[in-house]
């Protein structure tokens, strides 16, 4: 087994399903210890338990926190449990946003609270976590900071206004962190995943149709799999990616091209 | 005198100086009544008073509210004072944001509150105003919805992380409103102004140097004037701009090209 | 009648139909003399004759050249017939490109000659005309230089590879001219039109379906009309557009947003 | 030694120096055979000979052609010497372009010939090579197609107009190939390198100053090294990059962000 990331940690926010969970599997397969922060109901836990056992079977350590990762106290608790200078990568995969319309003819419209919650969960919380990790000296010398974005960063989809704004915020913060945190050795990037049938994707209004369209648009005539995105995270963690900083890496098979 | 916009109103948020005030002058010169929402200290009022008299001298009506435009109660008060179906254009020119760094070596870093305030003031408040105006039926049939953005939407400037995120949010909301509010006849666009020596520009750290650089970069070797941007607002208000919707119109002389 | 552009000329390359012809009508309505360079078969001429008579009826002068505008000799002939310092705007609306595929399974593939012809006709010829006009001192002091682009600049459409490359070239040259020719007072911009049922659009494979999709995508549920684009040209010619330089102005109703 | 790419070939156009040569070294280190097409004077050959011996020392095969890679006959000769279904990656690193200005006050301006040569060498030749390789059945089943671009794709630099247009063409063709050639299993991408002190960079007017500026702008306060870019090529060749198609991957340390 390849153990290239031995003795380092990944913190995966939203790591119990979808892109986050696939990332946990991939990084563990290359020797990284995994710390997952997630929010799940009891009935989802047995399945997750199985996944975690698979991950542990690779020989890495696994920590999980079934707590609200958006709270400062969760941040503090998680961070205090990790050794200094051992976090190789922070992966932000939190999906929690309002899908309300802007036009009242289409239903109850987005409120200030809806926007605030979405911008925080899917946008600014990435920076707040990063900042707390820096403050606690847990990042390795040449760390990675990665968040997931989508084509909705610049495209308009029905009911996606708040999430689109959050993705735009996420990417703006990515650029700023890429510049401001480079002196600390942190490489900050976003990965733009194609349409993936995750739990959060399925909550977008008309997701079934979106998935159908995505498949048709995709040059490879298939949807993005969580593993495709996890692979991109892995590539960005390798030493060869040391010079990749401040960019949006698309892992969508070319879906967004037409 | 050209009175092409007779009997319509412009609501200008942040209309007491800079781009907002220049816009007030330009639109009034073409017959539009002006409603300015601003936030100024007493000592700034005599100068503003002069400007307002100039505007009134063109024969249009002028309303001003020296109140916090970010409060729901201000919105309600302003909107209730305007006639139904007469607001031709909403112009968002609010500049209120945190200029803190992300890297603690450069000082006190951006907090959640800093980000929340900035994203609201310079981002989501635009949509909230728009929504309130729609709810109150004050927009004309073929209205304009315009906000000011800057090259900082995609470029990283020192201390500009929060504002950059807010500009990115503003533009994402612009795209969503352009699609979702088109059925109501509203055309939504942003204008990307070049570096302009406004009060808010001068508060950016190193603004003097930024202005010097901007002048040198600009193909015309000069800075953007508030009037240049007001001219772009005027163009977007004309009937010939009916098909311009959902775009970022640069009014920067080409400054952002190199 | 509004004669704001009295005594100035527009040169419209590809001005006998579609966007070019609509532009001729609009600028003539504001007093500009019109010089059209076009390439038409005999049977198309009677209809064009009618259009030209309409334009002349506004009181402006009209010159037409039914010649290959891509030849240096046509350039020389056209330019020599125009007075010095009177060309307010050059409009490039030439559509002549290969629509072959890249994948041999889809038919005869793009050759070097196909690419060369398309890049010249829809790309570099714009700069070559501009350069010749400068050399001959026919531009006014504060001139406009405008070319039409499309969403195909960045989107992949079937059979559109060569034209897409030409649009990308056109926009790159636009940016370079905006900077390099600013000292001569020339403002250079592109207008990105939405899908318009012009003769050249109808030659794109599957254009019927593209038009149907465009209509559905468009926030206003209708296609772009040539007049919509002509209106944008007019706006860019006004004095208020003096500070708009080096940008792509979309006139598509928001069609490209989703 | 890692031999992950055993029995496959890389064709590197412009592989005798700079980014191309660094790529040859990196891919050879992972077991790929190397075919270099280059254009060098006699006096440069001894140094190249040393480099090639280093590459061969890794145990891979090396073929070199000191011929004009832009000629169809060179293409035919090179391709005929390679085994069927063994070319894992085509790397386009040809730099040959005109650096003339557009404004006659700055010297002899760009001619049609200058533009044609540049667009061919740095743009369309990539597609023509790709097409010839497909025709000859030399690509592996899951091949890579990579070209180098630069920030000059969208930024205006003095004397860079023709090259900028070529880079824009290159990227448009990249997007089209990514879609049209996906059914053949080919993944097509560009890598946007930061400013690198290569021979061709040093020929840009004011390159010394550009390099100084780039270093200052770069978040890591250093220039891009050819090895940084070669690393990105390597990442794109790995299996984990199977889903990366049709994108511009920046390998610039974040230099283009401000």
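Each chain gets a letter, A, B, C and D, in the order it is written, and its residues are counted from 1.
Going forward, a contact is a pair of C-beta atoms (placed from the backbone, for glycine too) under 8 Å apart; a residue touches a chain by one contact, two chains touch by 3 or more.
Since the model is a prediction, treat every value here as computed from it, not as a measurement.
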Q.
Of the chain pairs A-D and B-D, which one is connected by the greater count of C-beta contacts?
A. A-D
Q) How would you label the chain C and chain D contact, same or different, if same means the shared numbers make up over half of all numbers there? A) same
**Q.** Whole-Å gap separating chain B and chain D, where each centre is the average of the chain's CA atoms
**A.** 44
Q) Between chain A and chain D, what is the separation of their C-alpha centroids in Å? A) 32
Q) What positions in chain B touch 2 or more of the other chains? A) 155-156, 175, 178-180, 183, 246, 257-258
Q. Residues of chain A touching chain C in their complex?
A. 155-157, 257-258
Q: Name, in rising order, each residue of chain C that touches chain B in their complex.
A: 175, 178-180, 182-183, 194, 219-220, 224-225, 228-229, 231-232, 234-235, 238-247, 249-254, 256-258
**Q.** Interface residues, chain C side, partner chain D - complex
**A.** 101-106, 109-110, 112, 115-116, 119-120, 123-124, 127-128, 131, 134-135, 153-156, 160-161, 164-165, 167-169, 171-173, 175-181, 183-184, 246
